[in-house]
Amino acid sequence: MYFSEYKIRVRYSDTDQMGYVYYGNYASFYEIGRVEALRELGFSYKTMEDDGIIMPVLDCYSKFLLPAKYDELITIKTSIKELPRVKIQFSYEIINEKEQLLNIGETTLVFLRKESHRPCRAPEKVIQLLKPFFE
Amino acid sequence: MYFSEYKIRVRYSDTDQMGYVYYGNYASFYEIGRVEALRELGFSYKTMEDDGIIMPVLDCYSKFLLPAKYDELITIKTSIKELPRVKIQFSYEIINEKEQLLNIGETTLVFLRKESHRPCRAPEKVIQLLKPFFE
Amino acid sequence: MYFSEYKIRVRYSDTDQMGYVYYGNYASFYEIGRVEALRELGFSYKTMEDDGIIMPVLDCYSKFLLPAKYDELITIKTSIKELPRVKIQFSYEIINEKEQLLNIGETTLVFLRKESHRPCRAPEKVIQLLKPFFE
Amino acid sequence: MYFSEYKIRVRYSDTDQMGYVYYGNYASFYEIGRVEALRELGFSYKTMEDDGIIMPVLDCYSKFLLPAKYDELITIKTSIKELPRVKIQFSYEIINEKEQLLNIGETTLVFLRKESHRPCRAPEKVIQLLKPFFE
């Protein structure tokens, strides 16, 4: 398993009139979680896109346990539990400063060639970087 | 079962650099779907909030089949498949102008008293309005 | 002068914890205003982009007079006060159901070729459609 | 003059199909700039709100010089050029990693009592913290 964590601060623009983070904004937190997890591993999502491979989301599941609130410094814990092939799965846990679990999520993404929009295997580089965590 | 549909146009601000609607924005489409489904039924989410009951989201599932694109007039089809009690479930299907199914979703929400943040039963009014669809 | 108006409903996702529409979301309302103004004129922004011309924003000014609130049906009034050349200016007024003026805005956009990112003249079609309003 | 800077990374959700940061998202960058400028000074916007004073935006001006792009680490430079009274003005400059100036902005905000929505003077604490920079 590969695991990484990243902290972000909740913005005013993330909140809604309930005084909570709007539920749709967690998708953006997950995006930050997975992009930073890959960056920490040594892999740049941006470079992959520049090289012609995009990674759209196939499905997303979120469970909202406690609300995240304005100005909280939240931690996004991202895990990859299986070596990716054509698809890659990320799991997320979001906690607040009091270490309360606020949210859990799961996303599946697929590797696609930008030109043809055809599925392809995960780039060799990301496989090589992830392999040591699955041995 | 109660069923309702509502059309919205994809905004430029909904897109990302893939040229698709950003996956996090579907949550906002679901919100529109359920609020308009309730309005069509004769029930105003806003009035309920003004009366002291809020309805935060407990969980959300999305499956992305085909991308929604800029300027498309998409239809959000919202269903309530069971009479709500303390929780209410909505199911969504989003189709484009060519009637292609783009996205399916599910959300569970809970009725809470605004003051105490304690769960409560669905307001009597929404139950009365929904009942005829479940007989 | 060319003038057009368009109604939209404020979404929950538009609000922030002040209970107002977040100030950054007016930019998206302006976008809707200008795109729908052009559509009503007979000109599709999307088709223009598909034909290789994009229209990025050069500057934006907003004055917030009264807050827009959740579930309000607001009217975006959009004006073009001069025939565009390489640039085009739009003015906006947003009012609520009580006809209170909530917001005024101004944006300048530039016509650019998508490939070269070089400025170009407004498409002949939009000029022809706008001309009768400036005679 | 009081000056502060803060770095953020452009998210995928910030982009639009032009491949640029959507123009409406700069408002959120300005919000981060001013909140972090106040935090660095020793003043918490959140605490002020909890104490019953809110700070809605009265006007906002943005000039877009060069596009910010996905995954760039941008720097938001925030200045307060005058001691606030009932209103406070912030000026912003946003630069990319190559030190190119991408955007300049200005916002005016007003101090309001949360209960009455009546304007009030800037909290004594923020005045005391800012004063040394204006002597």
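Chains here go by letter, A, B, C and D, matching the order in which they are written, and residues are numbered from 1 within each.
The criterion applied here is as follows: a residue touches a chain if its C-beta (ideal position, glycine included) is under 8 Å from a C-beta of that chain, and two chains touch if they have at least 3 such contacts.
Here the structure is a predicted model, which means the values were calculated and not measured.
Visitor: Among the other chains, which touch chain B and chain C together?
Guide: A, D
Visitor: Using only Cα atoms to place each chain's centre, name the chain farthest from chain D.
Guide: Using the mean of the C-alpha atoms as each chain's centre, the farthest one from chain D is B.
Visitor: Averaged over CA atoms, how far is the centre of chain A from the centre of chain C? Could you give it in whole Å?
Guide: Going by mean C-alpha positions, chain A sits 34 Å from chain C.
Visitor: If you average the CA atoms of chain A and of chain B, how far apart do the two points sit, in angstrom?
Guide: 24
Visitor: Among the residues of chain B, pick out those that touch two or more other chains and give their numbers.
Guide: Expected reply: 12-13, 18, 22, 24, 27-28, 31, 70.
Visitor: Mapping chain-to-chain touches, which pattern fits: line, ring, star, complete or other?
Guide: Shape of the chain contacts: complete, all pairs touching.
Visitor: For a test of understanding, state which residues of chain D touch chain A in their complex under the given definition.
Guide: The contact residues of chain D facing chain A are 11-13, 27-28, 31-32, 35, 44-46, 49, 70-71.
Visitor: Under the stated contact criterion, what part of chain A meets chain B in this complex?
Guide: 18, 20, 22-28, 31, 54, 56-64, 67
Visitor: Where on chain B is chain D touching in the complex?
Guide: Result: residues 12-13, 15-19, 22, 24, 70 of chain B touch chain D.
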